């Protein structure tokens, strides 16, 4: 019978929801997420040192427990004698802020374009999808490079660049979803009820986009963290002396053989951050896709 | 006897006339000769015959040179006066734009070269020239083959621009190594040139590979993939020195890292502010921290290489935070932001120094911000301050300060430095006086002007280091311009040969 | 008759999914040459039982918690192996060789990227060790056996190149390729048209007679049961309710549940509502032509003309039934009437206004007069809207109710379709299929329409649920004089509700008349064919008429 | 199929034309190249001489038309910096990059398909979790960190592998792994999801009902179908990610490829190189995309056999 869905679906949903707790890795990720967010938000309160405060006489001091440890600098000092831990936490803060801002921009730009493409069809859709194809064909690092080289890498430009980094992903997802939803009978139902396109988009299409977008948003977050660090590697990321996780790693990499601690803390934070976000994103995706959980 | 060099940079073309970059200067001396050479093991200039066996001034403005006979170019052509005249005049009477640039900033006094006979040439100057040998021994005056070059493209009898373009990718000289292969920005392979006129060099071949990433470069040295690596930052020295198979060599190179300031920026017009920017910087502290004290902090724009014109007794630049504060007060500095531009990686420790300087500025109440951009901003009217380097292109104050800060020179053209008639007059005396004392005095006066209305602050002579296998016996020589990789006889030796 | 040991014997079978038990102690035997039908409504555990026999249930996340499934060995019918505890390797030898299975969905049960030949060959190689030519020949023979035209050519085709009926034949051929002792058919015809269904049933019956295998036939359709079964098991919520010979069941059902099931099953010839005398026309269609695609120069598909010159009139208070096989254009007609697609030509006259060419704004005023109820009650309700908003949305959009009045209106509507008033705060997924369809009707009623187009409105529902929904519609018609355009491919259901019936075939109305006339004196050959294909009860028992029941394809077979 | 191919071709051409235009405009907007690549210390005259020499003062429109004409006749101009035809500059570097890309994609496909299948089949056991954790971790480590850590470990300390250049197969090991890290992570997850999707479908049950062994069910029926979706992603994601990764990896391993060159060209505003480089990369990516679209169509009979 066609209506097999009802009891099975309900049961699966229940199972899925119960399943949430089961995975230890996901639990750990959630705890990590809270810790990281707290560390970022309260960085100014948590850190004993000014992240920009230099001490040229105490450069490159190793972390606690090593010879030449400089008192108070638990994670050591960097190439200008700044406290690595303080910088890392402030870096985490900036990186997270950047990632959020970037992901939101991507969401708005890509989401809007995808929505328009999905709803309008015709040449509008073709045009937008051609843009998407183009974006895919030009490696984004190059685009970023060009824009940053052109406009100088101020924070605003950087946010903008990171923001448009993932727009085409959003656009593709939204368009696909919109088209899928557009084929759903409940849109026909709304139309026969007299709903106009704006009402339909707002009331019927958007709410159904929320969960795929949330998933994409988390993925974009971690992608942006990585992208920011890659741009920093190329000298185009957050500019010194301002610390971001990416720029600390990017600029500190020359010291990896001699003073690995400069890179270690921020690199660890990057890995933790992206790892956490990815797992949360995947968890959200599995949750959103009932079928995936069941098989 | 082969050798591999891991270089931070390999240039994108090889033409000694066109180039004056820190990257390019690494490569010319092995493949090209000048007419007059100098003993590079000595700091004081000691002229020795190069492609010319003798030279004399037959008039105050004319030098006649006797050419060495039997000198072969790498392509087998024999060098004659035609080649020399062609090489010199491509600079002195330049038409190819990249040459024009170089002609203006250093060869302006030379009107042309002329062939007397197959092995005699004359160089004509417009005015009496106090720096004959120095200028003739410059990298830009190296000799290239005429027939070969002209025949590279188009009409084989005419030197088109495209000939010079082509030459820079397939360079041919008279030096002890010929360029066997060249991938711009990647690799350069030298092979011993058997018909070299002088003493045969010790290496069979040498291979320069660009390895831009510091960690990779150090690693390549450690794994033995490279025998020498360039651009070792002071912080990496201990790493290499601690390895029993490796060692480092270095010297405070004949170049200043400088901070330039825009005299014409509306907010910096008051010289007191620029003086304060300068006085606030504790260059000795930078040296101690970033260069482990190995760099040299000058009191004025001078260096020992300049021989008679070395004037360390002048104090043009100093550290005096108290005075800086006072000057700012006097000038009514209101806390506006001063940007300090720097490239991300071009200068060793450049970015670190920039950040440290911001702290030092903050100490005296200056509100500075580092602005990292790879784009050259020295000609941007918005530019307030930035880092730069001022190499010694040849051993004279003119070859260092003089090239950049001449009236209507590059700095003035870029609109961040002003000169007046008085400055021009002093500059004339400094440039053309034949009496050394007169030149010294004039230079001191110029320095005083710079002190009063500063457009520049030399930070230090950076300590440039090379890492190498213990078996390699090489060290930078004091008589060279910065960065030259000199692999000629007597300059390098490999143990166990 | 000699004692005939069962070929398959299930004892006290318990199946659980996680902690939920789906089958609670089922026991039955099947003998060689016998067809045992397993009936019950959705979720009663039919498939769970079938999958347990092959031990495929573990792959679906279930478990046999208790009981035995004994299969007679091929050498000696008196010795048996217990499938419930057999080792995987031995089990694999039995699957496809001694016990084979045909699944419900022919569209998705074949591997889309392998040719038919390859898929058949796989089984042959596995169990018969045939390869190359021999395998191909055997595969061809298997296809020929299920009477697939041009079997040779089919071997190199992919599933998507075949129609649904052909695919189901391939499935059967694949199941029978090793001539199994037991064939399990899990709703093998549910996804098919009545006419195709009749052919498949006949095929299975014929093959069974020829091969003498035992068949476990799973269905929820009593009509099908009456056609094919020897014995019947009735299942409800995992419990065996009734077991017996087919004739006994139809003649004298023992349990209440079986009786209820029989009663709800619509039977052709039960009689239709009497035709109305000259009702005032509310909807008139003239020469409607509708086609899809062929839009721009880059369009992928050639245009498909789904409706070809249809003219119809619907009277006030009347129900017009529209029947026809899948893909004949019924939904397209409905969508045209609703202006969800624009007709290529023709006129739609709604209560005196021509609406076929109105633009969106002008149309809106007319939308309140005509509403639609869709086939799939799951997809027709936005899963993220609350019931209150769902059912009042049309009225709200037409400004018939202020924002603040929606709750009250929703309660009123829910009451009219006999749903509890507290349902207003729930979401669609918290209702059963029948309840959802009621929500759809309530939603349509919110604007007090004069016409409701019901496109397969009960096809997705259980017989008993469907019965309750059609009753509800009849009541609404009685109370409010609403006209229905009632679309279904199931003639028995259509008969029960329609004053008049229109038969559609390949986009055209081939026959239109009063219900009794169309059903008893069909004029058009297609109508006769349609009627003949409806499964009939061929016991000489209680039911004088024919039995048939609603079955709706989940994925429609494209024609 | 023919119509499908035609559509692909049209799409590819349109995309490339757009890319040519956009890169042209973008490079022109990005400031005067003179200041960057010959920048320091030019006199005014010298500067003007160079501007004339490089024809940088012509109108944009003029330059664009000239450029388009050049593109159509295969002429992309001379590099501003080393004054060679950019085609030579770029093409000689395209192959090393291509080799690295191919090696990475090969490694990625082999590893991630294996891992992805494992993760899907054992998704309820620790094997599946372990694979996924590794995949997540791979995605979380920026490729330059991975590269430098490898360099320090395997070359600096252990002295097992060379770091400079692309001469022997041993030179390929680290760059390939560094570049594949992210790709493997991405593709593994994708393969897993695609496999889960397929393994949940009806025909898998049919295959099991036939008595097929689990290995054959998973590989032939499961992977056979999942590979269709996986192929589509290889083109789309992998090509893009790889191109992005190459910039970083090439510079660390002194790989003579386009990635590093493009970065330098962007910084130096060497328009002709940048333009042709971007176009060359785009052509490569579009070609890979188109090829995968074709592979996709070939793998999926539903598209392959669709009539025009």
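By letter and in written order, the chains are A, B, C and D; residue numbering begins at 1 in each of them.
By definition in this document, a residue touches a chain if its C-beta (ideal position, glycine included) is under 8 Å from a C-beta of that chain, and two chains touch if they have at least 3 such contacts.
A quick note: this is a predicted structure, and the numbers were derived from the prediction, not measured.
Engineer: Between subunit A and subunit C, which partner chains are common?
Structural biologist: Expected: D.
Engineer: Name the chain pair with more contacting C-beta pairs, choosing from B-D and C-D.
Structural biologist: B-D
Engineer: Please compute the C-alpha centroid of subunit B, do the same for subunit D, then give the distance between them in whole Å.
Structural biologist: Comparing mean C-alpha positions, subunit D is 40 Å from subunit B.
Engineer: Hey, how far is the Cα centre of subunit B from the one of subunit C, in Å?
Structural biologist: 87
Engineer: What is the distance, in whole Å, between the centres of subunit C and subunit D, each centre taken as the mean of its C-alpha atoms?
Structural biologist: Taking the mean C-alpha position of each chain, the two centres sit 49 Å apart.
Engineer: How big is the gap, in whole Å, between where the Cα atoms of subunit A centre and where those of subunit D centre?
Structural biologist: Between these chains, centre-to-centre, one finds 22 Å.
Engineer: Quick check on subunit D: which residues sit in contact with 2+ other chains?
Structural biologist: Where subunit D meets two or more other chains at a single residue, that happens at 31, 148, 152, 156, 267, 269.
Engineer: Would you please write down the residue numbers of subunit A that are in contact with two or more other chains?
Structural biologist: In subunit A, the residues touching two or more other chains are 149, 253, 256-257, 294-295.
Engineer: Of all residues in subunit B, which are in touch with two or more distinct other chains?
Structural biologist: 215, 218, 374-375
Engineer: Going by the touch definition at the top, which pairs of chains touch each other?
Structural biologist: A-B, A-C, A-D, B-D, C-D
Engineer: Mind listing the subunit A positions that touch subunit C in their complex?
Structural biologist: 1-11, 13, 15, 184-186, 188-196, 199, 203-204, 207-208, 294-295
Engineer: Write out the stretch or stretches of subunit D touching subunit A in their complex.
Structural biologist: Contacts found on subunit D: 11, 14-16, 18-19, 22-23, 26-27, 29-31, 129, 132-133, 136-137, 139-145, 148-149, 152, 156, 182, 189, 193, 196-197, 199-200, 236, 239-240, 243-244, 247-248, 262-263, 266-267, 269, 274, 278, 281-282, 285-286, 289.
Engineer: For subunit C, which residues count as touching subunit A in their complex?
Structural biologist: Subunit C reaches subunit A through residues 17-18, 20, 41-43, 61, 187, 190, 220, 335, 338, 340, 360, 364, 367-368, 370-372, 374-385, 393-394, 397-398, 429, 432-433, 440, 443, 447, 459-462, 551-554.
Engineer: Going by the contact rule at the top, pick out the subunit B residues touching subunit A in the complex.
Structural biologist: 214-215, 218, 233, 235-236, 238-239, 285-286, 288-290, 344-345, 351-352, 354-356, 358-359, 370-375
Engineer: Inside the complex, what are the residues of subunit D that reach subunit B?
Structural biologist: Listed in rising order, the residues of subunit D that touch subunit B are 31, 35-36, 38-47, 49-50, 52-53, 78-79, 81-84, 89, 92, 148, 151-152, 155-156, 159, 162-165, 251-254, 256, 260-261, 264, 267, 269.
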